[in-house]
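To keep things simple, chains are lettered A, B, C, D, E, F, G and H as they appear, and every chain counts its residues starting from 1.
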Amino acid sequence: MIRNLTTLLEKVRGGEVSVEEALEQLKRLPYENLDFARLDHHRALRQGFPEVVFCQGKTPEQVACLVDRLVACHDRVLATRATPLVYAAVRTEVAEAVYHEVARLIVVDREPERAKQPGVLVVTGGTSDIPVAEEAAITAEVMGNQVERLYDVGVAGLHRLLDQSEALMRARVVVVVAGMEGALASVVGGLVAAPVIAVPTSVGYGASFGGLAALLAMLNSCASGVAVVNIDNGFGAGYLAGMINLIT
Amino acid sequence: MIRNLTTLLEKVRGGEVSVEEALEQLKRLPYENLDFARLDHHRALRQGFPEVVFCQGKTPEQVACLVDRLVACHDRVLATRATPLVYAAVRTEVAEAVYHEVARLIVVDREPERAKQPGVLVVTGGTSDIPVAEEAAITAEVMGNQVERLYDVGVAGLHRLLDQSEALMRARVVVVVAGMEGALASVVGGLVAAPVIAVPTSVGYGASFGGLAALLAMLNSCASGVAVVNIDNGFGAGYLAGMINLIT
Amino acid sequence: MIRNLTTLLEKVRGGEVSVEEALEQLKRLPYENLDFARLDHHRALRQGFPEVVFCQGKTPEQVACLVDRLVACHDRVLATRATPLVYAAVRTEVAEAVYHEVARLIVVDREPERAKQPGVLVVTGGTSDIPVAEEAAITAEVMGNQVERLYDVGVAGLHRLLDQSEALMRARVVVVVAGMEGALASVVGGLVAAPVIAVPTSVGYGASFGGLAALLAMLNSCASGVAVVNIDNGFGAGYLAGMINLIT
Amino acid sequence: MIRNLTTLLEKVRGGEVSVEEALEQLKRLPYENLDFARLDHHRALRQGFPEVVFCQGKTPEQVACLVDRLVACHDRVLATRATPLVYAAVRTEVAEAVYHEVARLIVVDREPERAKQPGVLVVTGGTSDIPVAEEAAITAEVMGNQVERLYDVGVAGLHRLLDQSEALMRARVVVVVAGMEGALASVVGGLVAAPVIAVPTSVGYGASFGGLAALLAMLNSCASGVAVVNIDNGFGAGYLAGMINLIT
Amino acid sequence: MIRNLTTLLEKVRGGEVSVEEALEQLKRLPYENLDFARLDHHRALRQGFPEVVFCQGKTPEQVACLVDRLVACHDRVLATRATPLVYAAVRTEVAEAVYHEVARLIVVDREPERAKQPGVLVVTGGTSDIPVAEEAAITAEVMGNQVERLYDVGVAGLHRLLDQSEALMRARVVVVVAGMEGALASVVGGLVAAPVIAVPTSVGYGASFGGLAALLAMLNSCASGVAVVNIDNGFGAGYLAGMINLIT
Amino acid sequence: MIRNLTTLLEKVRGGEVSVEEALEQLKRLPYENLDFARLDHHRALRQGFPEVVFCQGKTPEQVACLVDRLVACHDRVLATRATPLVYAAVRTEVAEAVYHEVARLIVVDREPERAKQPGVLVVTGGTSDIPVAEEAAITAEVMGNQVERLYDVGVAGLHRLLDQSEALMRARVVVVVAGMEGALASVVGGLVAAPVIAVPTSVGYGASFGGLAALLAMLNSCASGVAVVNIDNGFGAGYLAGMINLIT
Amino acid sequence: MIRNLTTLLEKVRGGEVSVEEALEQLKRLPYENLDFARLDHHRALRQGFPEVVFCQGKTPEQVACLVDRLVACHDRVLATRATPLVYAAVRTEVAEAVYHEVARLIVVDREPERAKQPGVLVVTGGTSDIPVAEEAAITAEVMGNQVERLYDVGVAGLHRLLDQSEALMRARVVVVVAGMEGALASVVGGLVAAPVIAVPTSVGYGASFGGLAALLAMLNSCASGVAVVNIDNGFGAGYLAGMINLIT
Amino acid sequence: MIRNLTTLLEKVRGGEVSVEEALEQLKRLPYENLDFARLDHHRALRQGFPEVVFCQGKTPEQVACLVDRLVACHDRVLATRATPLVYAAVRTEVAEAVYHEVARLIVVDREPERAKQPGVLVVTGGTSDIPVAEEAAITAEVMGNQVERLYDVGVAGLHRLLDQSEALMRARVVVVVAGMEGALASVVGGLVAAPVIAVPTSVGYGASFGGLAALLAMLNSCASGVAVVNIDNGFGAGYLAGMINLIT
């Protein structure tokens, strides 16, 4: 940002750019005003990945429009919490869009063959946690990470997890997805040397209070090196894990 | 109220009004008993705007009846949280009623050409907050305010907001509508010199707990000059903002 | 109770007991009215252990009086949540009373040499959970159980627990005492074949909300065979564990 | 576990098993990887009862597959929270599966004639608590317990409970199922000498907050010997009660 | 109020009272402005008992001043939540003030010999609930009720309560004071034909959350005829019970 | 109860009743075991009104069966929270059953002409609170009370309430039904000399949290003489108000 | 901001300012880095009032240092939540600082004689709410507003409030400060035509949960034109009210 | 772990180690049983940093003993939440221990000159957040990271943060420490391309509910790449940030 500003100021000094033009440019950082939304194209420059479309609360038409505009500028586009209906609308506009039903993700990736960075491991406590885990895993994959999956290794049968210690040790960053009491985050956090991103899920009933029990448990983890994202936020965990794994 | 009482008492002294009549008048402050409701016609005198119909929990017939009676006495009538079904019932009784679908508002305005007072700005964090924002904006407009809209300028892409500083500086009162973490209220509150009415929305999932996260965040705003209304209460924010903007 | 009633009725029929006397006896099931308390001496008959004095909210004098009366009827007396001040008052009345400072228990046991039933294991996640664990352990011991202790085996260093699998397998009933995320209950519950009584503790800070996080986690345990008592309720867990271990 | 390890190590020493084979065996403790789940066959050895299938959040096909695999290894299989749809899918695979509609349980029991251990009593406050109570009762029965039922004996008409004191006294372990204020757990806990497993139910409205009121009440029981499981967790209570009743 | 107004209007008509004077009188309903407080002397007329001083959050001097002014107009004065310090200040001003230490009440009663209406019964679950119960009992007594007390009859030893059925049957209104799980309200509510005013207390620990558990339990009582006041609000319960008992 | 016992014992002494028979009678206090329910016929003796059927969570057949059995013993029967479907089932069994749709009550009253005791006033804040208010009003009427209704007099237009001060003053007991902020209970409580039973309703949205806001407000009422029942519990309030109004 | 930027750019073009200098200036918007704090001197320009010091969580020395620096640049300085200890430290540095003990405010005002804008009214429910109300009132006064106070007019004695309708009608903006059930905000909101800023206070006990009851009530106000600030946030309410009253 | 096992098995095969010895070794993974604690020396191998002592809830003697044993095996030792009293006890045993008062950390570092990895940035919203921030910063430094600090850049004066964009852009991982509404996490998360570890603090009052408001806000951040640790858990954030920054 400072560099852009320097260049601009030099052009102003050199008379190549008028004061009025410079003001306009300073105002028009790259975003696109679609009336119902302001697409942050600048995000790809700023953070290395374009703005992700959160479909919930938007009409299929709005999502289709947003994906269409993003595809015009970026090689990879991601839309989360997409229903089949939303996907139908998107596909009409963007034929190459792919739908991952379990993960509720729409993905456009024009360079799917890019080399992937190994190191992300996604772990779940149970079978019901898989949709959230897949959202995390595919998100990280789209970002350029290679993802290992280790599902249904909850603490009630600890040997299923201990048995996979090689995968655990191999990981550079681990996403732990668990509902109910969320104990898996602490157990994994105590076994690995890698950062753990914990995702509480709303799997459970009664005093799980929609994932609150797992959320609180994970926030209070007695293991060091564990941080938490929102309940059922597979995307957030996958994004952060992918980001960490891509640090060079 | 004191003036009315003085007049009445003077008439009682002058014998123009009997004690019994005076008692009756003192009892009958202007409201209308519709059996299922007591319409507060006096409110227009007391507060400058007639009673607003909150449709939720009322049958379409009840709403239609209430709007009909209000229209008989007032130039402007507002009904909030109206479904299309409610509107259908109202329209049968009051042909001139207009429905704003996104905002779920029914409006009767017999003097739509009245001059509007500029100064209200309505801002949203995201696209999904627009229904609540429109409820606020149209409410303020019906009251006689001119409303500017600035939608989808959430804090994850701050330049979209900073880019609009002129609109922010121009406002005499700002309504900030945001879900999730509700941070936009504090950021706007720190930028403007005008009062900020913050509306938390139920947009979000998991630990947003139906808007609780945004509500608490807005109540704890580190910026001065911010007050908060109920979750998703676009009407309340628009009404208060309109009221502030009309102070002379 | 039915047997007592039968006897009484037979005596009434036989004329040994008058109707008035029978009514009096039916009223006077064995409890003692001390004005500020009604001591339930009957409990020892009904439940096998006399009423336990909960010291919190009582004056030292009240506790001393209650212990004194209980000692008059029973061989074993237990008072929980006792401060040193309370103990001082009790000791003045009942010289043989013993104080367990860490566990905050006052114990009178006139038959300490009775044979103990092995089978109770008390486990803690951390060092700070020990006071609650000791309350559980000593309670079970006073009831006639032999108690094994396994402290500071929290899930962040799982090998400390796995290393003790013999003790775990040997137990007939396990009390798990843990604060923070309370994951230990699930891990132990998944390893043992015995009933697990889980005690959340208020050890932790922030989002542990005084033990709520551990409580919810334990209630949502994915392991079968786990039940939970109140936060910091070492007595309750020890009592129940002791009761289960003494079932014949 | 220690014994298996000893045998293995002796075979390694004796050359019967190579180091590589031993490593493999140490890794493959008996569980079955079904891709979407890892079936813990080892649990039957470790805890005396095979892994129970929690149907909620799983597709009917996944449940059918899991039951099928469990039936291949075990004489008794239990699936909880099963809808009629899930049962239809299971029955296609496992003809002998029985559905208990009120309790929402699928049971496969190849040795239904085994002798049952008397001693479990299941009590409810009201009629609406019966589904949870049946889940508890049938679970305990499948485990080999004989279960007595005492339904609709809530504290508002105490004589209905007191009238059944013989059943209460006979029980070796009592499951108390109650919604609303959950007072029944304390009342029963004060009458019996047996452990009480309390199950709060979501029966109620308003400030019952989905069973929270009963849950908190039961956790704060003034009676000794009461522990609590999750709201509506009939299975958990029945399992624990059955486990306690089978202790020898 | 209507009668006063009639008289006033007749005097206005008759010229005995000028319009200005009438306006003044209409403004000056009897309260006294003490700068830091507006004493509602009118309350004694309106509700039969003068305004009660809630001492918490007021300085001893403020309380003393308020009691002094009330004593000037009324025969009976009550101040709640009074510390010994507050009493010392009050006594300097009002020598006849009496302090009930356990109940934390200051009472001035110039006609203590008035005949009392029998019918109020105050019941507690435990010894620690007595301060709240005494606040209720003395409040009702000052109002002119005769109060019976039945303390420490919690549901863990039900015979202590059942034994007192005569007192229960005799009562015209019952105040039930209980902490922990608050089950006593339901049990009493199921036994008596009289209205029950339930007072949850903050007695308990852990998941009692300062009386929340008892509050929720009492609100969800399965017995009919039970209403609830705030946690530890002995005054409120005693006042309401006294009011009900004095209905003629 | 004591009297019955006396008579029984005298008969035992006189030989009219054998010990075995007496035991049987002592056991069989009048309730009826319907397998899925134990009907408390004794309640009418004990509390003056027969057991009320709470329909929620029961099948239409169960409700029909219960009403049928109650009608066999009692002149008045009440079933709450009844859907039209439930009523259809009841009507098949009990032709004289009447359905109050707004109040969701089923009433059987064989002596509808009995004289009613005037004195109960039911007040609501808004139109949406009427279903709960009607549940209260009809309940009190069935019990033998004459009920006045005062609907939609919420505090936002205070003159609607003040205008009705005669009705307020006339009442011997007032039921206040209000949602949102529940302020009406305090305002009415400050105006009347009668006991106020406050019913919070779930009318509202956002931070009303299903009636929690109104519930907490009513529990914290600064007016004396106010007690609270569960959210939306019109039955409970009407029952208690009716009971108070019938005290002689 | 745009104007400054224009000037700067013109100077850059004109060669008066080098690119490096311009970059430096763009970086140095007026704030002062004190190591432990960054004083936002720019706020006075941006928002019309300098940064206010929130003393809680700062050492007396830190506060004194901050006030000292602010006084160097501004005519009016405000520090909130100041203890006497903090004031002692401030006074050592800034002799002219004045301490308002009840309001816990430190004020430096070098132009106290400036004309004040009438129109702010501060109302409290009780005497215990006065400290919060004074914080609001003095804050608004320091900003240049004339403030009327109306204390202890809670809804339990409504005539105290109705009696003051002239003051209510005169106000251009009203601050309502109330604890317990917070009903005063709705009642005032229904009476006045001015915006109402509601401040819930932590005055109360039990189910007031530290002000939560009043907060929720105020957020759910059925009166239009009410917004809410944080519990006990007198400063925030006074600041916003003052800001609204100064709008021209 | 697998490698150690291989070696061991080879030795068993070779007869160098007997079966009994092997079993012993398999049991004795390196931890030290101190009776009140089991020191997990293995953690340094497993996770690259030795077990950290959490002082809260431990006696000074216990902490001193633990630090002493850790120092015997490791070059760096960290104890968190240490009071001056605890430090005094530690220093008696371990003379080289250093106390960071603001951060409440005790540090022993025998190789303080080791090269540090740049890349960690710690940011706070206010001055009161500094203790938590210092706990994070020093923790990361002890682990071998170079830490930049940016304090008091809360969103109410956004230019203070925007001014530091170079520091933000330079960071490889950012720790954001903020109380009140916690908006800073989202704003920073929207500006940087690095992972953000957010730490809510308990700074605030009223509806901050001890940090809950900030916690919920951070969990609901609309910016991608943000994860959250427990309230006031500076250590946890610093540890995780340090771990991420050291990934190679």
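A few comments on the model shown:
Convention: contacts are C-beta pairs under 8 Å (C-beta built on N, C-alpha and C of every residue); 3 or more make two chains touch, one makes a residue touch a chain.
Keep in mind that what you see is a predicted model, and the values were worked out from it rather than measured.
Although chain A and chain B share one sequence, what matters here is the overlap of their interface residues, and that overlap falls short of half of the numbers used. When the interfaces B-F and B-G are ranked by C-beta pairs in contact, the top one is B-G.
Distance between chain centres (mean CA atoms), chain E to chain G: 38 Å.
With centres defined as mean CA coordinates, chain G is found 49 Å away from chain F. Here the spacing of chain A and chain H, counted between their Cα centres, is 25 Å.
Each of residues 2, 126, 156-157, 191, 206-208, 212, 215, 219-220, 224, 230-231 in chain C touches at least two other chains. Listed by label, the pairs of touching chains are A-B, A-C, A-D, A-G, A-H, B-E, B-F, B-G, B-H, C-D, C-E, C-F, C-H, D-E, D-F, D-H, E-F, E-G, F-G, G-H.
Every residue of chain H that touches chain C in the complex is listed here, in rising order: 27-29, 31, 35-38, 40, 42-43, 51, 54, 56-58, 62, 200, 202, 210-212, 215, 230-233.
Chain B meets chain E in the complex at residues 2, 5-6, 9-10, 12-13, 15, 19, 22-23, 26. Of all residues in chain H, only 126-128, 130, 151-153, 156-157, 159-160, 163, 203, 205-208 touch chain G in the complex they form.
Residues of chain A touching chain H in their complex: 1-2, 46-49, 52, 165-166, 169, 172-173, 191-195, 197, 215, 219-220, 224-231, 235-237, 239-240, 243-244, 247. Residues 125-126, 154-158, 180-183, 185-187, 189-191, 204, 206-209, 212-214, 216-224 of chain C are the ones that touch chain A when the two sit in their complex.
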